[in-house]
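One structure, pasted below without further comment.
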Amino acid sequence: MRVAGSAAFCARLLRRQLVLGLRRPVEIGNPLLFFAMVIALFPLGLGPAPDTLAAFAPGILWIVALLSNLLTSEGVFRSDFEDGSLEQLLLAPQPLYLSVLAYVLAQWLLTGFLLGLLSPLFALMLGLETGAIPALASSLLLGTAVLSLVGGIGAALTVGLRRGGMLISLLILPFYMPVLIFGSGAVQAALAGAPAGPYLALLGAMLCLAVALAPFAIAAGLRISVDA
Amino acid sequence: MRVAGSAAFCARLLRRQLVLGLRRPVEIGNPLLFFAMVIALFPLGLGPAPDTLAAFAPGILWIVALLSNLLTSEGVFRSDFEDGSLEQLLLAPQPLYLSVLAYVLAQWLLTGFLLGLLSPLFALMLGLETGAIPALASSLLLGTAVLSLVGGIGAALTVGLRRGGMLISLLILPFYMPVLIFGSGAVQAALAGAPAGPYLALLGAMLCLAVALAPFAIAAGLRISVDA
Amino acid sequence: MYFESMAAALQMEGHGAFVWSAYLITLGAIVLILYAPRRREKRFLRQLEGQIRRSGGKVPGAAKEV
Amino acid sequence: MGAQPTPGGLLLEAEGLGLERGGRQLFSGIDLRVGQGDLVQIEGANGAGKTSLLRILAGLSRYGFSGAVSRHAPQLFLGHHSAVKGLLTPRENLAWHIAGEAEFSADEIDQALAAVGLYGYEDVPSHALSAGQHRRVNLARLYLSRAPLWLLDEPFTAIDRSGVADLEARLALHLAGGGSVLLTSHQLVAVPHPLLRLDLATGLLQ
Amino acid sequence: MGAQPTPGGLLLEAEGLGLERGGRQLFSGIDLRVGQGDLVQIEGANGAGKTSLLRILAGLSRYGFSGAVSRHAPQLFLGHHSAVKGLLTPRENLAWHIAGEAEFSADEIDQALAAVGLYGYEDVPSHALSAGQHRRVNLARLYLSRAPLWLLDEPFTAIDRSGVADLEARLALHLAGGGSVLLTSHQLVAVPHPLLRLDLATGLLQ
Amino acid sequence: MWSLFHKFGSPPWLYRLSGSILRWLLPITVIALVAGAVWGVLFTPPDFRQGNSYRIIYIHVPAAVVALAGYYVMAIAGAVSLIWRMKMADVAMRACAPIGAALTFIALVTGSIWGKPTWGTWWVWDARITSMLILFFLYLGVVALYEAYENKELAAKACAVLSLVGTVNIPIIYKSVDWWYSLHQPASIKFTGGTTIDPSMLYPLLLMIVAFYALFTCALLLNMRAEILQREQRTAWVRRLAAAGESD
């Protein structure tokens, strides 16, 4: 037995969350498949015309990223709340700030990160110009991390309420909107031949802010939820 | 004490599910607000040009309806499975076919039905031509019912797995696609001045088929899930 | 043969890369769907055999005769 | 399930039940005939297969076991999970109970709730109840049900001592009225009624 | 929480604790001083407020009560919920336990699992365990923890008789080693050690 | 008839039968695949419009055709398993899904590779392509559901329900995607009409279609054998087989 350092503890938590998300290797495919399906909905709904699809591709990919985040954020703390794990986490000697980051990181790796990595493929399927693909992927990687952190706040505040679902969307959607605007803005800039750098820098700044502050809000939210 | 007839039992179940969905009156607003917010995402993501938005309004509204169904379908049987209510339902003397219909009906009333009723409002927000609004509302009312029934199958098959989320989306999204096509097709036909009738008739036929068959699949899925 | 030389067959007037990569990917997938179950079966039998050997040649847990 | 007791008063028959789980044979060759007025306690250590057996008898497990079960009477099954909805009040939980056994009047429900010591808690949301009170909401069904055969999986969990005594009195009443009870419990059941013990390890009824 | 026992060996102090829930005064004026080697059983009927009190003492409830708690030593809290993840195996559940108390070696974990009777079940997904086995996974932490103060909320729930005896032996060992235990239980606790009873109704320690 | 039906339900019989079938079917399949591919790639004239890239057709079309047929095989097996509770039908159904998914994958990838030289783009939302993509999703859904269940007997039942629901839906999906496409009529891109295909191109294609059916059968039998052994591992005949250290 060794006393667990904070870093080791967080690594353990991260591993635990990832294993819970993907018990078997096959399951890595699930989020990917999910993105592919949701993206396929857009041509089906909007029509298959290649040029409109290409024009909308940045927006579509960004909206899918946002919705999939919304869909999964809700559950970050749910099962841990229900089976009492959250109580134990609050009692752990390690700083809650870091543990909470581990949760969010795991959620991001399984949604935003995967989506960011695969976005070039989806961009091709939607006919996006290849020149805009780097801007797309990097804006998604940065932006979804912000989404996950903000989503975590909503999840923490509503996990004790036994009905989450819709409520969390209401709480966090307004905070998602700036990310959506800058994110799809970056890609549209790249499409128009303008530099995407300023948009990405803004997203990066938002990410720094979120990493610095959101875990505190999440931790406070969890303490309140467990108390209720 | 009176022996409960099937109809009375289903009415009771429906009432129970509705009360569970809306324990407090505020909550009736939640799904609607959710739709409104998600719909607001699209101009932000796709760019606000009014004419393109109007052209794509049918598709957008239909995709949002579909996603909100996905979001809520997952939970139809979840809490009942976890607290043992589902076992009791399977043991009830009433036919499972009807009970399951009551569940799906409650879920539909809280999502698709509300959305259908309010869709004219959202259509106006997106600048859809008023002529297409009846087609939109009726296609949504019919189509979301099919979605709820099909979603129930996915929910029933995955409720025992404690990991729902992504998996249920994978199972049912392919089945959602025809509904999306006919639904948005109806509105697009109306926009183009063609009669929406044939599409609505098709949606109606799909609804009949789904009402006739889906409850059996849901019931079989529930029996399997409870057995696991 | 339709092509004059092996090089021409590889080239295919500029379409070679597409055709050959399609065939290669297909070959890979076919090998996988034939080989994977075979390997699963072999590995399982070897594992079971080890288990039987460890338990002294007896047939442990053999529930029913068929 | 309009099943009626057989002329001989048999409510439940099981023949040659066997179950294997995760490579272990939990039990095999269990024959069980439950008649009117029988009280059977299923005994076994943790993981012996008591719950699994009860679920097979209730008809919730349909695959993976050997043997046959025939049910001749309506049953009331209370499992490990309480089937009580946290968002509903105890009164609503009973009035809209998902088991669909019958339509109970408000009076009957209030009396049942009072009988399990929840007088005054009828309208509190169930998630604000203590662990024992939460289970009691479910146990109130024992005061409402007319099913002759009860299958109870550890009914005394989380119940305090006076609550256990009340429950035992209720069981005795049910048995005296010709009902029968199959239960699992790690505690001793103090009911003034002949108790049959089913030992899962040996499959014998004593 | 690098809190250290006070020179007098005090692990936990509470003064004038009072709690009102849903318009009822559950308890008031509870003074509690838990020193090394103390075994305290909190007594009360269902709904008396035992769990609420334990959660206040553990620091999980931080609002809505009166009085003050001071904690002088690391604690191990096991509540009504088992904090065992069904998707993980017992081994993983302990190795990656969310309480973050320490880094246990694979050996220590296997021994702890064996001690609670889960030998052979180390790699079964926990949701495939029986109710009692599921709880035992959590109770294995009693064999791993080095925390001097244990707060246990109905630790014997769903555990069979021999399991309860094992646990009682473990408690005795912990107490003999200078640890202390605060528990709630509706059963009698048979530990060869002086037992203090805290009656919630009167707030007195006997 | 019934006795044959029961025989099919008997694992050791099926195991031995599949062994003897595979012994001749597997080599024939491989030979047919190689022969068809060589014939198609090296010995046919190029298409007058698409040039040499059309040679992808010899794998693309057979894979697409067999992938579609595979879904029906799976659903039939599922129905048998649900209605007659026949364990070997479970096994067959489970085996269909990954093979079907792989064939669909081949069709998608080869089609997509084909599209680049012909249409200048890797992907278009054409009706047939879109419905093939949906078929791919359907197959993967079955695989994912099967993998998610711990208890494989229940997993098979759940997948049977899903694939039955799928059979009702597949025609609907195909029709709807067709209408969707004709509603929007982008019309700039069309498949080359299959009817005008020259016989010298057609024969190798027919050979390849037959070969892919045989391939499907072989893969199905191989998968079933592995699955049978695992399911029956506690029976004496499997143990004897393992002790003898051979698999055929």
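Points worth noting:
Chains: A, B, C, D, E and F, in written order; residue numbering restarts at 1 for each.
Assume contacts are C-beta pairs under 8 Å (C-beta built on N, C-alpha and C of every residue); 3 or more make two chains touch, one makes a residue touch a chain.
Everything numeric here is computed off the predicted structure, so don't read it as measured data.
The minimal number of chain-to-chain contact steps leading from chain A to chain F is 1. In this assembly, the chain whose C-alpha centre lies farthest from chain F is E.
If you average the CA atoms of chain A and of chain B, the two centres end up 25 Å from each other.
One simple way to say how far apart two chains are is to compare their mean CA positions; for chain D and chain F this gives 49 Å. Averaged Cα coordinates give chain E a centre that lies 56 Å from the centre of chain F. In chain E, the positions touching at least two other chains are 80, 86-87, 127-128. Counting partner chains per residue, chain B has residues 23, 79, 82, 162-163, 167, 170, 173-174, 177, 181, 188, 227 touching two or more of them. Annotation for chain C: residues 61, 63 touch two or more other chains. In the complex of the two chains, the chain A residues touching chain B come out as 23, 30-31, 33-34, 37-38, 40-42, 44-47, 52, 56, 58-60, 62-63, 66-67, 71-72, 75, 79, 82, 162-163, 165-167, 169-170, 173-174, 176-177, 180-181, 184, 188. Contact residues of chain E toward chain A in the complex are 1-2, 58-63, 74-75, 77, 79-88, 92, 95-105, 108, 144, 146. Across the complex, chain D meets chain E through its residues 21-22, 44-51, 80, 117, 121, 124, 128-133, 136, 154, 157-164, 186-187. Contacts from chain A toward chain F in the complex involve residues 24, 26-27, 29-30, 33, 36-37, 40, 43-44, 47-50, 53, 124-125, 127. The part of chain F that touches chain D in the complex is made up of residues 151, 153-154, 157, 234.
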